[in-house]
């Protein structure tokens, strides 16, 4: 299939199920993929932050992309993160994930190294020049500690360097600037990474959403997307309210015991395990596992929102 | 050779010379190694931030360690960074650099992923358990956006998990807490990463220094180290003053054109090129190269401090 | 008049016009007040960040509140900021602005002093206990470097300590948590401080908006508020688009010459001056004044959005 | 007396004892002043961060300066903070504290308002032009969230705008740049605000120190200063080690119960109370008071370092 231009709809950042030994659990991964595809999602984003890309070895990253692209066989677009610190290392990942079948790559600003606007521009230009597939910018300041300026992204959109942006900055005003600017660049895709204001992002014109919580409740996000597209804002708000209530699973863990990443990724996997989609709720090291009591809280939240 | 316990002295974070095509320039790397060893440095730190580890591919990282360890043949200890986001990825680098001959590994807190004290502890424990060589903690908040708490580091020192710490936090009060606490852990090595307060760090009891500027002027830092060890504080202060003046090369570039990383790493390489140690001053992408005018400024600073 | 419970509608943070000598220009202030009231705004917020409260002396702050409350004579609710570092200093401002006629006070988390959740709670409790009028929390992390947690605000709402919140955090997902939680606290008012996503905030249930840009175009925000209340989202989005385009006045100044505060507050005043509402566009010291060329750019943006 | 140029020696930021009702306890304040003067300190800094200036009302601030300057009667220089958000408000404090007898004013960068290099320069120029006494810059990023660049401070020193700098940034490398640059500006005073690296700051040429802990142990800091001036580095390091151990009182409180400010200021006052210097250990609101158990820990630390 050709990569859609623009990409629209619900594109979950797919969790990476692991075995108790922290190897990729391919059977669970394919079961999760099926669970998402059957719910009607419009694309899959592998190796994003929710996929624990930061924790997967190069071998595991390849394994994930190969397994999923083979499984979906072109039914829907598959994007893959090429998450690394700087241009040369990202280029290696681009080569690897595209060889494994990814139809677009998702790339952050440089991190670890202190960066600069001119360096970010050069970074994306070099990657786009070398990539056999479209490049989507991944704006995730909480991880890389740099916010991609809207005018930079739109400039690169205009030059054909970027095919889209996934905005996980939480800054809806800045995202709106992207959406408004993108009207001049048909084919450029604006995707929100927010679980909690998906309706608002779609209402102001976003092409789609990449919500981590869609692993747990893909039907909910697909419904929400359709309601927004149909301008049924009343229904959309009710659905979004339900999803916001469900998002409380990500803070069910004790913040004195673990960081917010362990809590959120652990919650997604615990919920998928409780719902019978994956075999083991383990997260990668050095994340702290949820306790039985914390998992119990998640079960209650799933039940309260009709998912268990 | 056995890895010294504690490691002491001047341990430059070795720059990684590149060809104009951005491949590792092994001949220049070995010439730089010789330049450092002949100046009397006490160890070499490969694949640190100054070495552009964040920019080197896995293949290039291996190449650097193999070339240098073969060249120095055990004359002096060689440490190598295992710089990556999380435990599983760091473990891959540990395996790779130790196979290539590194005698200790240098490891930061997790980054990209949001982290937590308990996760940092688990990270170091897992890595030490798997590493065939000693593990040195690398405290570099400007890169990883987390400061390693002194009591955490000292606790891991007491448990035999960490063999030392390289402190690039710039926070001398916190470093003093490490040095004072390390008195109870003979064999644990406290190394300052600061070019500008090396004398102060040694005066308060640091075991050694890992100054990026020692690439450019290893003789200066070796003299400074000896003066401090001899408690000749008058001479040390004069030497440190000279080195502080030389450090101005790292801000010779126009901050409107590039970030502070490009400016500093570019300056080290420009200086090494001007001094005839390396063949090409290129830095890795996406860093911005220095202009002719900026390089000229560096040449003047080298001349003013007697290095050209 | 009784203070409305909850306060709803458009409540502009009123600019404080100054003379060339940087004294409060009371005539211009009252003209601006009239301009806002005639446009149909639902309340006035004096001594907020947009009012340059941080720059006004205690004498000037009193002067502003006295002049405006006397002028509007209870036609519509008047809130006043009591912006200072800690509880005792805020209490002095509360006494002063309520003596001068303010019907509610708006209070941030402590700043300058490092703070803590327990201290923020105690801060608001003490202020509410001493204040003769309702207390509204002002969440403005860009100024005070602390984000008010939603559960803290809602807890204080439940206890009757807080009458509302003005959210200038830019974090719509967190604001949604406030709005959703506030359903259990009828009378508690949720106000967005964002100019750019006012429609989105109202769509998800906010009671009102406190947009700085409403000084320049109060009719626009009043229209937008009515469209949102009427659920005419099509019209609202078009109006919001127009207001977003107008907001470009806040970045018309050269960022190399001044900070974003000087640029934004200078732009609001330049626009009010160009529109004939105030006599002098001066901002308080040490802010940098806009140049003629920068003001020219603002005039063009006003013309383009139909305001000149 | 004329204000010394440069100011040198130990200049404690004087705690402000409060009554249980949170009024200034003038008798205790004068007892504390006597305790410091008799220990041989070289100046007094009122209304700094350690003095809880951020918590004192304008009336209380005046009261503090009047009481202390009358008491010391010109025996030693008295500086006072003029801590507020922006130029006009700082100017009011300058007028007030100099009327009350302060011989120099200490002024931070603007805060709350977002600032810019050009604005900081203008801020200091305006204040120096209006101040009847010398102006000392107060570099305290943890409070104002801006670091004063060394070249900015040195430029204003060269222009006669600034008479000195109090550096509470914790960044010794940047402080060294100030000290080195100040050699060209005789009369300009470089003062470190650090309790923990006072010896290091003096060793590299600082004129003096402003350590909060000197409230508790002025004799220790006076000894340390003399040892450093006599270049008796061995003795200085031992004294500094003792003071570092004593500084543990500032972290004796439970960080889950209060912020680091409450813990440190509470500890200084608890120690002064335990040593019989002040009548009541209360800190201003909204700070959290230390528990009996936490105070007990402080008593033990005082005993261990020979102060009780």
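All chains are identified by letter, namely A, B, C and D, in their written order; residue positions are counted from 1 within each chain.
One rule holds in what follows: a contact is a pair of C-beta atoms (placed from the backbone, for glycine too) under 8 Å apart; a residue touches a chain by one contact, two chains touch by 3 or more.
For reference, the UniProt names are A, B, C, D = Dihydrodipicolinate synthase family protein.
Computed from a predicted model, the values in this text were never measured in an experiment.
Ranked by distance of CA centroids from subunit A, the top chain is D.
With each centre defined as the average position of its C-alpha atoms, the distance from subunit A to subunit B rounds to 35 Å.
Put simply, the C-alpha centre of subunit B and that of subunit C have 49 angstrom between them.
This structure has the following touching chain pairs: A-B, A-C, B-D, C-D.
Touching subunit A in their complex are the following residues of subunit B: 22, 49, 54-58, 60, 83, 85-89, 91-92, 110-116, 118-120, 122-123, 126, 142-145, 257-262, 284-288. On the subunit D side of its complex with subunit B, the touching residues are 170-173, 176-177, 180, 194-197, 199-200, 203-204, 231, 233, 237, 241, 244.
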